[in-house]
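The data blocks that follow each hold one structure.
Both complexes shown next keep chain A, but they swap its partner, so chain B is in the first and chain C is in the second.
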Partner chain A sequence: MSETYRNRLLLVIALLLAAIYLFPLYWMYITALKTGSEMFATPPSFWPDDPQWSIFPFVFQLKGMGRFLWNSVVIASGSVALIAVLGTGAAYVLARYRNVWVDVGLFLVLMLQVLPASLMITPIFVLFTLTGILDYPRTAVILAIAAKSMPFFIVLVRATFMSVPMELEEAALVDGNSRVGAFWSIVLPLARNGILVSAILIFMQAFGEFVYSKSLIQEIELQPSSVGLNAFMGPNTNEWNRIMAFASIYVTPILATFVLLQRRIVSGLTSGALK
Partner chain B sequence: MTTQIEFSGVNKHYGAYHALKDINLSIDKGSFVALVGPSGCGKSTLLRSLAGLEKITGGDISIAGEVVTMLPPRKRDVAMVFQSYALYPHMTVEENLTYSLRVHGVSKAERKKAAAEVAATTGLSELLHRYPRELSGGQRQRVAMSRAIIRNPKAFLFDEPLSNLDAALRVHMRKEIRALHDRLGATSVYVTHDQIEAMTMADHVVVLRAGIIEQQGRPLDLYDKPANKFVAGFIGSPAMNFLPATVADGGAAMIDLGNRPIRLTIPVAAPIGANVLIGIRPEHITLTAPGEGRFDAPVAFTESTGSTTFVSTATTPELMVVETGRRMVTNGDLVGLAFADAAIHVFDGTTEKRL
Partner chain C sequence: MRRLYSSLVDGRGFDLCLIGIPLAFLIVLSGVPLIYNVVMSFQAVDMFSLGSFIRPWVGFENYRQLIAQPEFWPIMGHTATFLAASIAGQFLLGFALALFFWTNFPGASWLRGLFLVSWVMPGLVVGAVWNWLLSGDFGVFNFVLRELHVISGNVFWRSDPTFSLWSVIIANIWLGASFNMILLSVGLSSIPGDLYEAAELDGAGALTRFWTITLPMMRSTIGALISLGLIFTLQQFDLFAAITAGGPSNSSNVAQYWAWDLSFKQYDFAKGAAISVIMIVVVMLASVYYVRSTRHEVRG
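Our next item is the complex of A and B:
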């Protein structure tokens, strides 16, 4: 089998898999645009005859999506801010010191990554109720998400810090800077790409978070979009087009961000951002 | 001469590993001192302890009369050139040069002026606005040097600064560093594993092995009077020949070269029957016709670089001879080996110390 032939075959397979993977997304967008009768037509149509563009402003108004999206942004930003500040510090220490306690710490951090949210939510709920944090539901969700996503951030950012040679820091120390000063002026700027990319990934994760928000936030006006979308669903739901319109409005900004930044995200994750 | 740097009873442990063992060393102001030894001998650790990058576990270090043992690097006022140069990749050459000045709160105008001055002396003027990744190895090396000299520190520390350069550039930079040292009247401590660098650049060479100072002194003194077998073998290239021998009567020693014992007069007194090592540098042996030297040996192989010929003998242990010029001997030829009494070094067979 020749080289080009094999490459073409692999490309076709890749496209096929991507198509299967992305089909639900496509179905979401076209269902949102279909009319009520077209939605239930058999065989289904793969392109809407009469796209209902007005559904987007209609659903946005009907469900008060501005509120939901705002809550999602607040929760995601809060989580990212908390994780970035604490996680960067933790990752730096874990990258620079090597002893038994650091290994134990790293193991525990990775352990946290293994535990699923649905398992953690019960103890978290009890703890937050007892301490009164549940009176500030969005803060409670931010804390819970931070605890869940921190390990992921630490592992990624630690690798970034490890790619910054220790000698650069030592040069800064000999040049007259303190350890803190060297961290701010040398290490942090060099690790910036890795930190930013990890923060973006955390943001996207937190933006779509559901389990903690659903469990910890009772008030509708404080709920994020993920919970709002879920509230749409009922035993007798048949408003598929509206649900899909809601979902489209919810995910399009994240998708757009990812497409715009994907080159940087991929390079930030894989390369040493140094050379 | 006043003492600029002093190590007194310095010890360094990494857990159970004893990296520096009771180091005592004083370095005069304005001198160029080379710390030399094989890898793992503690030379870099000693330098890093001086910079404050390693905490010593015993003893004291003082710089310019002030005990700095407990001070962090930034309070020691030394400049260091790293093996990897450690240039800040996100800063231009100018920013790299002036980083220490910025940290010390020097105004922007003065920083620019200082950078321009230093760049002019090191030939970096055209490169001030480039980033380190846009420079060649030699240029990076210059930036690292310039970054050290811009702030007039109490001492310059070099950690194998030339090991990443190619051979020709290394020879050139050797001279340049030494010239810079003389011009600035600075005190320099230079770590290297290359004894040629140490011999050619330094006023004072310190040979380390396994955390111990084996010998220190002027480069030629180390060459002429090595204190023990290790120093004798380490200084000089190619390495000194060592021949095991037994002391006989009449101020002589019997050398065993595998086939028959050879009687050789030695310039030192030793008890009869003692085991000794006879050391002779390859460059101190001259080839003669068979029978005209101290003893004869067959040639195992020869290598010629054009200007120099290296001849190895087919004896156990083999002897290396360096002859200037071209020598028409071929494998299997019998040659005589001649050398002066002064060329003979004698070391104790067990302690390996010079007798």
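Our next item is the complex of A and C:
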């Protein structure tokens, strides 16, 4: 068997595997486009006879998705901004030194990373009620997400800083730069890509966050899309085409971003998670 | 003042400032709730005392009541099943895919990365899609199984107590297998190729090479991944909210969902805190193991 023949065969199998694995996504889009009766046909149709493109603007209007998506963006941007500002510095210090204190700090950070949100929400809710932060529900969610996701960001960005040669920074110091100057004009630009990729990853997570938003935000005007989608799915719903349309509108920006930046995101993720 | 300023700009103060602020932030927003959680699990908390710091102390009463509830042991059992089945499923599926893509044909790495969409999607969306796929009468999952003659009648995944937990497990395996695959691929590609060449010269077959080279070389990656899987699986909440909501009659309820349900549906914050404390101890133990295996990796 020649090399190219083997490669082609493997590629076909790989495409087949990817198609099977990603079938749920395909089914989401296809269901959204089906009519009410076609959706419940047996055997199910794998291609819509009469694609209902109008369902997307219809559901968007019906459910007030503009508001939901806007809230998701506000919460995700706020969390990412807070995490990036605070987390980058911490990651830098944890990458720059090797001593007992750094090990302790790193250990603490890793431990905080693993606390499940659904278990932490009980004390956070009570504490936010006591301190009055709950009067600003979106801020409360941003703070909670920042505390939850910052350790992950620190771990990822630390790996980036580790790959920036220390000699460059030392050279800048010798040339008369202050520590702040060297950090700002030498180290940060070199680590920019890694920071950006980690920030995007955090943004995606925060964009889909559910537990904190569901528990801390009571007003429907302030809820993000994840809570909206959850409210849409009643226990005995049969509006599956509309629910799938909602899900498609919600998830498509994330999927598009991911497919465009796939290579960078995957390499950023793998460098951080295991090292 | 001048000394302080110059230290902030050009010395130790700079580092301390960079690490100190985030650390203080994390302590206030993660450390304090963590400790407060333990305190609250020993208090009597109701809707009226929710707004005050000082509440009656009840000792281990909350824990005693929690364990005495008839659903406690079944829910713990479900949690164990959910953990074991999800981790095993994610790992085996991920490992199989990683081994396949390891053969390295043109386009392999790009296609492999594409699988990760299952992991970056919002959990609620994954849950919604699987909720529809697993629907009893019209679900396409049942249709495929029927066509393959695995089942003869429809399985009511979400409403049949025997299967409701498994409907969440299936969705969770799909969600996490890609992440496992990516990390395992990294581990596989770091095994030096000459080991295989040497083994091949010695006449070792493919299976022998897998058992004697691949698996031992992957040991620390696998250890890290299993504990990471445990951590992620214990965090899984969205799928329960989107697929079964713990029902029917707690047949798919697990500890992390129950904790939230106790606090925010039944407003029993003290019991919610108590179950949280129990589970957080479990997570902490897993993460100690995770930290140890990743450190092992760094030292190589």
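One rule holds for everything that comes next: the second predicted complex is superposed on the first by the 245 of 275 C-alpha atoms of A that agree within 3 Å, B and C clash if a C-alpha of one lies under 4 Å from a C-alpha of the other, contacts with A are read in each partner's own complex, and residues count from 1 in each chain.
Here is the rule we go by: a residue touches a chain if its C-beta (ideal position, glycine included) is under 8 Å from a C-beta of that chain, and two chains touch if they have at least 3 such contacts.
Since we're looking at a predicted model, the values are computed, not measured.
Chain B and chain C, once both complexes are superposed via chain A, fit side by side.
Legend: residue contacts after superposition of the two complexes on their common chain; A:Ser79 is shown touching neither chain B nor chain C. In the superposed model, A:Ser213 lies in contact with neither chain B nor chain C. Annotation for chain A, partner touching more residues between chain B and chain C: C. When the two structures are aligned on the shared chain, A:Thr31 is found in touch with chain C, with no touch to chain B. Panel annotation: after superposition on the shared chain A, the angle at the CA centre of chain A between chain B and chain C (CA centres) reads 90 degrees, nearest 10. Shared-chain residue A:Val259: touches chain C; no touch with chain B.
When the two structures are aligned on the shared chain, A:Gly176 is found in touch with chain B, with no touch to chain C. When the two complexes are overlaid on their common chain A, residue A:Ile186 makes contact with chain B while staying clear of chain C. Look at A:Leu168: by the touch rule set out above, it reaches chain B but stays clear of chain C. Of the two partner chains placed by superposition, A:Ser149 touches none, neither chain B nor chain C.
Judged by the touch definition given at the top, the superposed model places A:Ala117 against chain C, while chain B stays out of reach.
For the three-chain overlay built from the shared chain A, the minimum Cα spacing from chain B to chain C equals 8 Å. When the two complexes are superposed on chain A, the residues of chain A that touch both chain B and chain C are 178, 274-275. By the touch criterion stated above, chain C contacts chain A in their complex at residues 9-11, 14-15, 17-19, 21-23, 25-26, 29-34, 36-37, 40, 45, 50-53, 97, 100-101, 103, 105-111, 113-118, 120-126, 128-133, 135, 137-138, 140, 143, 174, 178, 182-183, 186-187, 221, 224, 228, 231, 234-235, 237-238, 241-242, 245, 256-257, 259-260, 263-264, 269, 272-273, 275-276, 279-280, 283-284, 286-287, 290-291, 294, 297-298. Those residues of chain A lying in contact with chain C across their complex are 6-7, 10-11, 13-15, 17-18, 21-22, 24-25, 27-28, 31, 39-40, 42-44, 86-87, 89-90, 92-94, 96-97, 105, 107-127, 129-130, 143-144, 146-148, 150-151, 154, 178-180, 183, 201, 204, 207-211, 214-215, 225-226, 229-230, 233, 235, 240, 243-244, 247, 250-251, 254-255, 258-259, 262-263, 265-266, 269-270, 273-275. If you check the complex, the residues on chain A that touch chain B are 165, 167-168, 170-178, 181, 185-186, 189-190, 274-275.
Of all the residues in chain B, the ones that touch chain A in their complex are 51-53, 72-74, 78-80, 82-84, 86, 88-90, 99-100, 103-104, 133, 147, 157.
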